[in-house]
Every structure is written in C-alpha cells, then in structure tokens.
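The structures considered in this document are given below.
Here subunit A shows up in two complexes: once beside subunit B, once beside subunit C.
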Partner chain A sequence: MNAGQQSARRIASQNALSRDTVCISCRHRLASHASRRHASAATAAVAEEPPRTQTNPSNPPVTATGPKKAFQLKCSPVLSRPPVITRELTSFEKAFFLYQKRLNERLALPFTRYFYTKKETPGDIEWKRKRSLRRGTAARDIGAYNAYDDEKWNDEVLVGSKLGDPEDITERLILDAEGKDITEGEPQGDAETGGETISGDARAGEGSQKPVAEVNVERPASRITEADEQNDVKSLNRKLDRSLYLLVQNKDGQWRFPEDRVYGRENLHQAAERILLQAGGINMNTWVLANHPIGHYVNAFKSPILSKILPNRLVRTSRELEQEEYGEKVFFLKSRILAGQADLSQNEYKDKDFSWLAKEEVEKVVSKHYWSQIRNMLTER
Partner chain B sequence: MKAPSMALLRAFAPITHSQTLPWTARGCLAQQQKSNFSTTEQRQARDKNRGPKKDPRITQIRYHLYHPLTPRPLRFSRNRALRHWTIHRAWQRYLDEQRKQTERTLERQYNAMSAACEALRLVDAHGLTADERTKIGESNTKEEGRLYRIAMLKTGVWDKVPIEYGRIQTETPPRKGWNHEWTR
Partner chain C sequence: MALQEVTSAFIKRMQSTQTPLKQAWKLQCLRTYATDPMQKELGELEESVHQATPTDAAGKRLSQYDPTQNAKQRKEQLPPSRYQFRSPRFYRGPLHPHQPLKSSDPASREFVPGPFTLPRLQQTYESTIAPDLMTLTYQHYPPGFERPQKGERLREWVGDSPYFKNRPRRGPRGYDVLPLLRKPITFRNVPKLERVTVHTMLKGAADDSAYLHVAGMVVQNITNVRVQTHAVRKSVASFGLRAGKHVSVTSELYGENMYHFLSKVIDVVMPKIKDYKGVKGSSGDSSGHISFGFKPEEVALFPEVEVNYDMYPPKMIPGLHVTVHTSATTDYDARMLLQAIGVPFYGKMVD
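Right, the complex of A and B next:
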C-alpha cells in the first residue's frame, strides 16, 4: 500500500496533474485511483520502482525543511442520550396542580351521572356503591372533595399530604380500576364520621361488596430503574429523566468525549461519524445532528510534541505525516444515540473505559480545564 | 319621408341604461344576491313540525349539562382571596424563574456554538490561526477556513433525521427499557 501510494505520488508529480492547474482534491482522487491500480499488481509495481526513483530526484521529502509546526486538529462527537421520561415535579408544582384541580371542581358543573351511565347498569351500580365514600366526587386524583356540599370551602390540603403526587394518583387509578377502595392518604373525616378516615370503613359500603373476579391491572414501569439503584454508569437505563453523555477514558487515563484527529480531506461531520465507529463499535445507532461544532476546546502544550501521524484506514485521503504540535484544538459535534450500546473491544484509540454520565457527573470526572470549556455546551437536563 | 332620429331613445332606453353601470357592478346583475350578509344562524319559524330534525345526542347533552348554577360563582373570603393571590403570584414567580433558566441555558449553548464556529473559521489545515502562526514562526498556511465552510453547508441536514428522534418524553419509562442489544 505504502509503495503504491508513493509511486502514485511520483506519477502525479511527473505529469501535468501535479501543476497548480489541478485542484488538490482532484489530484488526490487521481492519485488514489492510480494507487488502486497498482495495488492489484503490487509485485510488478515494486519491481519497476527503483530505477524510476533514481531518475526523479526532484521530489523533496516532506520533512526536508524540518517538521511542520501545527496544532492537533481534532473532532469529538458529544454522544448523548436524550431524557426518556419527564422530569420529577417539584413539591410546589404538585401542590399547585392539586390546588388548581380543586378550584376547577368548584367552578365546573357537578358530575352528571346519567350522562355517563344508564340507570341500573353495572357502571351505575358501581358508582352508587362508591358515591357515599367519595362524597360524590367522580375524580380520582383530588381526594374526597365535593365542591357542591357544605364543606366546599375546605379545598386546601393539609401539610404533609401525599395527595397530589403522580405516584399517588396512579395508585388510586389502579385501585379504582381493580374495583378496590381508594384509601385516603390523610384523614378526610367530617362530622358524620367523627373525624375518622372515611375510606376503608366497612359500614360505608364500599368494602362490603366484593368484586366478582380478581382484576389485575398492569402497573406502569417504575421511574427508578435497576440501573439507578446499582448506579450502573455503563447502562443507558440510568437517570432516565436526564441527558446522558458518553465519556471515554483514553490511554492516558483522562476522561473525555471520544475524540480523534481530522484526517486528510474529511470534514467534521464525517470525522464525527468515523470516530463514533472507531471508538464505540458498530453496534450503536447514532445520528450526528449537524455539520457545525457546538463547542470547542483549546489546549496549548507546555512543550511542543513531535508526532508522526499514520494514515487512518477509514479515510482514503489521509497520508502519513510528521509535525511538531504545539497544542490541540478539539471541535465538538452534537450527536444522539437512538439504540445500542458502546463497546470498547474494537476500540482503535486504546481507550480503557467508558461511561454514560449526566452533566454534574461529567464535571466530577473530567479535568478542570476541560470542564471550563465544555460546560456551556451541555444542557442542564 | 325621413325616419325619426333614434338618438333620444338610445339615451334613455332601459337596456342601454343598464350597460352604463360601472364594470365592477356588472357581476351583480349576472348573479343575484341569495345568501344573507349576516353570518348568524337563520332562525326557523316556531313550528314544531316544520323545523329540521334535531340530533337526539345534542338534545341529551343539552339536557344533562344544564344546571341552574351556571356559571358558578367562586366566592372567597377576604383571607382566602389573599391566600389565593399569594399562591398565584408565587406561581408566576416560579414560571419566571423557569423561563429565565431555560433562556440562560439556551444562550450559553448558543454562545458556545458561535465561539466554536468562529474558532473554526480562523483555523487552517494545520490547526493554526494567523496569530498563532506568527507566534510560532510558521509562515505558510493552507486551506484556511475550509472546515468552517463545509460545516456551514446546510444541504441535506434534514435528510437523515431518524424516526426515533420524534419520541416524546413520557411519565413512566418503556417496559423493556433501553435497547442495549441493538446490532447493526
């Protein structure tokens, strides 16, 4: 391959294509074309090479005037998993929503029973059975509060009540669907029950009639998953209400987003897609959102590093070059994971470890300098 | 004998008169006004046998939704009204705070993005800006801003948007969880 490429360059330099009249990309394409032709008959190409190189001494090596001074130009896909579930409501939001629901109950018409169920149908009988306990409230999420009886003014919930919680509402809906008693989280007593909890009272009638058959209503999956409990940072089931970012620990032991140089003629978008493949393996369904970077990281080295860059096997236009590097410039491209999982067994950058972290966890693992330049491009949730 | 002149008749005859209408009004003669100018419903005569048959479902809804106390008055005592006002103001402050935070986050992200694009614009193929080139002592530059120009292209950015990206957030997670076993 190497010999083929060199001969291709030599051919290109001999004929008119090497002049400035042909643009670089066209020249590259022609050169790589020639190299492919030579690769098919590699032995012949190698055999006829030595005499020609002697006849063409005017091709100076790249390092003739010392290595090129440069910055490492890198691309880094910020692979994130968007939040799967809605965020947790604050206690104020829960309380306010319940307050609004009860106010709405005060403004709305009373429950019109015969509009929903005909007389003496099972639904109607069920409603009659439950009505006295519920104080005529049809809604299952506002507790026993009737805006049409004498206690209608008493629409505020006591401190510490769990009444407005989404979990509590789900629980009540399920209990109701199963034909069971909706137990109150707080004593909702009035004068008739002597301040006692009115639900669960056998005399009231709701518990007196057993349902005909045992009904099992499927519960929704828990918002807190197994991965949350074990704090499994490799799992994508963790922190479902947050964005998770893929970070890898590179061969120097630093945690960073996966990154690599931009090789040859490729652009940032192509580089990002390639790096995702070469870092995380092929079993990730990813999507690089845009062509432009969402952030950048600049780091100047203390002393310049002389590095020899081998061509990347996935980038056809990349060539071997040597340069003296004074620092690095990393451009981040936003990308999303839609399915699959990262796998470092095929990793080509010798990365040691990976993890999926939320924003505040990213801060803990990355270096301070890195964090100061990436923090603004990461979203809060 | 000389025939009488038609000039007077031509001037005052009704046929010729209608021709002298302005051209914008000629359509009115061709098509007479049939519908009402008003958009309100045409009331039927108060005869039970004559009117169009009413949908029984509408009758039912009207019957059941009738209540003497509509619209219901929401009466608050003085303290209760004050409490309601306090809750309302607290909620408005809370929304303000949320909106501000969202805006700040978006602003930070936008600034990071534009700074990155600007940095990319100034960079040449060797990752050096003009300032850095003079500082380091590198003279020749190559393809300054090439990556930036390619990055600014918007062709085909909407072509490969995956369908999974349209998934909205739900209150509870899917039962199967994340598809870790996906293979290409």
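Right, the complex of A and C next:
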C-alpha cells in the first residue's frame, strides 16, 4: 500500500471537512476500496501498522449558527457542433500531394485500359479522345503531364499555377464528366463550334462532336455558405469546417456557456440536460456525452454574498436554502447538438442573446479570467 | 580590375582620415549630410539589370517562362548529369560498401509514393471522434490514488525440482492465451484504427486458378493495395484442400488506403445492401479486432466493381472478409470506435 493512497483515504475518512473536498464518486470509491480486504494486504498491514498519533484530537464541533458557508456550485453544458466538412488544405499540403501524385505517375505501371473498356466500343473511343487531350495521361488531377513521354522531366508546377488545388481538381472532374477538355489551355475546338471540343481521334468521326444531350453534372455545394457571408453568428450553417460552441449573454451582460446551479440531489449530467432545456428550449436535439466534467471554472467573490436559493421546479429533491457564498465553481459538461437550434424565447435565466462561435471567436467575447480557464477544453478545429 | 579600383579608393579614403578609426564607417557612406553633393564615386559601379527592371517586368518574364520551349530552343546539349547513385538490387549485409537507400528516398527501390490526400474519415476522427471517445471512456481517480497493482499474471513453477529454475512461466489460468488488459484511456491511448485486412478464400481456386486471378483483381481494385496469395499449409480432405495449393488472397490496408476503404464501405456499400442488418454484435476476438463479411452480390456493389462489372466473370466474384484492427484492447472499445465511425451493429453485443 502506498503513501498516496493512504493520504487520500485519510482525507476521505478523517474529518468532516472532507465531505466538501472530495467528490461523492471518489468518496464511494475510496470507501469501497478500504472495506475490501485482501489476504495479501492483511499480512502487510499487520507488519507495518503506522503509528497513528492523533495530531488534531478532535475537530471543534460545528456550531450551527448562521447560514452555511459555501461556493456556488454550478453546472454548464458546453454545447458544440462538430465540423461538418473537411478543412482547407495548406499550400504545402496541396503542393506535396500534387508532387506525390506526379511521382506516382512516374513510378506506377501504366493504366490498364482494356480492363475498363473493350476495344472499339464507344466508351473506348471516347476515352481515347479525352486522353489525347491531356497528353496521354489517365489521371485527371495532375494536369497535362505524361510520365512516359520525352518531356517527363518537366514535372514542376510553375509559380502561380492553380494545379493541385481541390477546387481546381473538382472543376476538372466536372469538365471531364461533361465530356469537355480538362487541360489548362483554351478549348480545343474553334469559336464556331462554341467551344465544343473536336475529336482528336480520326476514327471518332469527322468534324465536331455534337453532344447528344446537355450533361448537367451536379456541383458540390460551396464551402462558404450564406451565413458565412453575412457573418450570422446565430446560424449553425456558419464555419462548416470548425467546431461551433453555444454561448449565451446572461442577464449581467457577460458572455458564457449556459449555466445554472446544481439543485438538490441531481448530478451534473442531469443538471446539464436540464440547463440545455431551460436555456435553449425544446427545439434542440442534444447529447450530453459523459457524467464527468471536462473542465471547471473557479471565481472568488470580492466579498461573500448571502443568497437565498429557491427550489427548482424541475428538480424534485431541491429545497429552499440559504447560504453565504464566497465564490462560484462551474463544472463544464461536454455535449453535442445533433439537430435543431437554440431559442431564447422560453429561456428561464433571462439570457439576452446567444451565438454559435468558433474557438478564436469565443476568446473575443468572454472575460479574460473565464477564457484562461476554458481555453484548454475547447478543440482547435 | 574594377575590384582593384574600388579597393584602392577605399584605402585612399582610410588614409586621408584624421578622425579616430571608429568613425571610419561614416566614410563608407558617400555623403555625410543630405545637402552634400553626390560624389561621383557611385558612377563607378556598373548599372545592373536588377536595378533597372521594375517588379512587373519580373511577372512578365514569369508568364513567358516555358521550360519545354526553352529546352527545344537550346542549340547545344546540356552537359551530362553527374554520377547518380543506384540502389543495389540485393542487400548484401551491413558491411558491404554498396548499401541500399532508405525506403523513404524516391530513388530507392522500395519507395512507394503517397499520401495523395488527407482522408475525410481521418479528419473526422481527429477533430470529433477521438476527443469524444476520450470523454466517453474517461475514468476518474481521486488525487493521490494509484490503481492497485495486479499480481503476476503468469505463475511461476514452484517446487523442489531443480528444473523449475529459469523455466518459462506456466500458461495463463483458464485461458489458452493471455487476454489483454484494459488500461484506463487517457489522451495517449484513445482507440484508433490501425489497419484493415481484406481476405477472401476461394474454394474453386484449388482446381482452377482463374478464381484466384479474378479475386485478386477484385480485391486490388477495391482496396488499392497489391494482394498477397496464401497457400494451404495442411491438407484437409473433407474441404478438398491440398497442401501447397494457393487458395486465398489478402490485402493489408494502412493509413490513407484504410481510411478511404472504410469510408467507402460505410457510406457507399453498406447503405446499398438490401435489408442490411449490420455487423453482428458478437463479432470480435476480444482484443479489439472486429470482423465482418460481404457476400459476392454485395461485393458487386463496390463502386470500383460496379463501374466495369461486365469485365468480371459473374460467378467468380468472391465474397470478402474484412477485419478492422483497432488499438483498443477490448471489443467494447473497438465497437464504440466503429459505431462512432458509422458501422451499424445488431444482435446481442458480446464483449
């Protein structure tokens, strides 16, 4: 048995003060651990029984005059919307991926065409036409680069080229799906054909290839939404590649995560669910991840406040209570929003406003002291 | 010549000075005051191209720059390149002077290019799933608490026999193999995907190797990894297996390939399967590896097979076994990770 374990147990069992310093679950764990008796531990315990000298013979009896002295115990759900789309690649990543793709083109065996299209079929002819436009390369995302011809050494992209940009790749894939030329240059056909590509292959027919029907390829939705352009901080469609956190402006005008006292015998998880309901309304499908907090905030008041706490109507075990409060301790519970939107019309804490903010925006609105204690529990992306 | 003149002019000025040496730097500056007339010494310097050209001319030159055109216009051939190291074909031991390059070097024979993308599933794992899993599986211990140490898991041989000394320990009690311990999950050991094995065993391959070739093409197309074939080790007459015959094909996926394969399976193939219940809850080897399978008609739903389905002999498309290896040490944690990724499970969950 080690010293750390002993000291924790002594804290838990010895004095009355321990009830406030060690949390309930820890106390249970320590108590149950103490009561469990191992045969191996027994001999050791007998051998080295520590001489217990009572340094503080008895705690002075608590005189029950005046209100209880305590901290405000609060729970605060950190409601977040995870990133919906992938992040923007850095310029280095774009360049590196393109470099690797071209390197792969040089090292890999050539594309096995007849595994995909049978000879002399329309598909094969179409594929040959498209391939000749991009200098014989099968890949559509590396530009007009052929690793098997005489100019294979020219594999470096010039300054200012947009090649390798995800948007550029998407654009080329769409052009390819529409049956158009995807290489950098102007359309291969002349002005009369309206930019329609002319077949590079003699067997594909003379003159311009008339499209059978207009091919409409669905484009991916923009990464920047309307809410981004208007900077609508109340919208959940903003900053799709970042985590957004719900912050509310309380009746004192401070921006914080929604928070409330913990009443009666409810635990933090129950309190978090109740607070989300009472602050954001019923139109939110939320999930409180765990029973334990992911962070806490401690704030000492300049002078103690005598406060009378009325019972909460949603918590049956809550009683009216009067206590002298020296500060506040807020425990943050991680939660995710799955659907819906916050609505302050039914808010029970007289919150004035709410907004969905990314990490660096949270820093701008909250107080410095608050930020110093919450910054490490918010994810970077 | 010009250099000599500059040097001599500088030395002359150094000699003429009456002021202490520390002020000599002032002499380098051509004028002491702004009102002084410009000395003619500046004119000695030649006018260079870099001084004269404005910045926009550089942009013009950039747009006109065409390396292939330059190479074509070049009259004389460039000098041959310098000695280039070639990696030896065979490794001849650490003392041989001709050592192979590292596999990360593009000139190495073992070099495999990649990665080519940053997979979406990997980004989701890093930004959302890993922090959530850590919160979900966190176990709180009070300050100063240390978990009780478990005793020796493998018992020693106790007795008077002299042969017990240095004898390997006794096997685990109640198991054939020692089960993994589940350590508390911290930020260091959040369960993550390690690798995926795609496997298929072909009954017909013992008689007709075409099955093996078709299965190899299917698996290679689906996974983007070259397949490995496996031979039967022991003959089993009842299954019609003879030792030495190649009957199965596997491919091991890591990193980018693994993430792309899993997201393809979860987002494209599984939703397309008719009446798909999900992965059986009892799947798993109780050390964090979970397996599931696809029937031949389900394998045909993979986009890579679907795009040229006609090219495969329809009766030879194989079924697949997929094993997801996670870093979790229990099936419970591994299943939680897979559920977070989007794999549905059904039936009784067995841990």
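Structural remarks
Going forward, the second predicted complex is superposed on the first by the 292 of 381 C-alpha atoms of A that agree within 3 Å, B and C clash if a C-alpha of one lies under 4 Å from a C-alpha of the other, contacts with A are read in each partner's own complex, and residues count from 1 in each chain.
What we mean here is this: a residue touches a chain if its C-beta (ideal position, glycine included) is under 8 Å from a C-beta of that chain, and two chains touch if they have at least 3 such contacts.
Here the structure is a predicted model, which is why all the values come from computation and not from measurement.
Of the two partner chains, subunit B and subunit C are each touched by A:Ala290.
Shared-chain residue A:Val159: touches subunit C; no touch with subunit B. Looking at the superposed arrangement, the partner reaching more residues of subunit A, out of subunit B and subunit C, is B.
Once chain A of one complex is fitted onto chain A of the other, the partner contacts of A:Pro83 extend to both subunit B and subunit C. Contacts of A:Thr379 after superposition: both subunit B and subunit C are touched. Once the two complexes are laid over each other on the shared chain, residue contacts for A:Glu151 go to subunit C alone; subunit B is not touched.
In the superposition on chain A, A:Phe115 contacts both subunit B and subunit C.
Using the contact criterion defined above for the overlaid structures, shared-chain residue A:Leu107 touches subunit B and also reaches subunit C. Comparing the two interfaces of subunit A, the one with subunit B and the one with subunit C have residues 83, 86, 93, 103, 107-108, 115, 290, 292, 294, 336, 379 in common. On subunit A, the positions that touch subunit C within their shared complex are 2, 4-5, 7-8, 12, 22-23, 25-26, 29-30, 33, 40, 82-83, 86-87, 89, 93, 97, 100-101, 103-104, 107-108, 115-117, 151, 154, 156, 158-160, 243, 289-290, 292, 294, 334, 336, 379, 381. For subunit B in complex with subunit A, the residues that touch the partner chain are 60-61, 64-65, 67, 70-72, 74, 77, 80, 87, 90-91, 94, 101, 105, 108-109, 111-113, 115-117, 119-120, 123, 125-128, 132, 136-138, 147, 150-154, 157, 160-162, 164-165, 169-175, 177-184.
For subunit C in complex with subunit A, the residues that touch the partner chain are 62, 65, 67-68, 71, 106, 111, 113-118, 120, 123-124, 126-128, 131-132, 135-136, 138, 140-146, 148, 151, 217, 307-308, 311.
Across the complex, subunit A meets subunit B through its residues 68-73, 81, 83-86, 92-93, 96, 99, 103, 106-110, 112, 114-115, 153, 166, 220-223, 225, 235-237, 240-241, 262, 267-269, 282-285, 287, 290-296, 298, 323, 326-329, 331-332, 336, 338-341, 376-377, 379-380.
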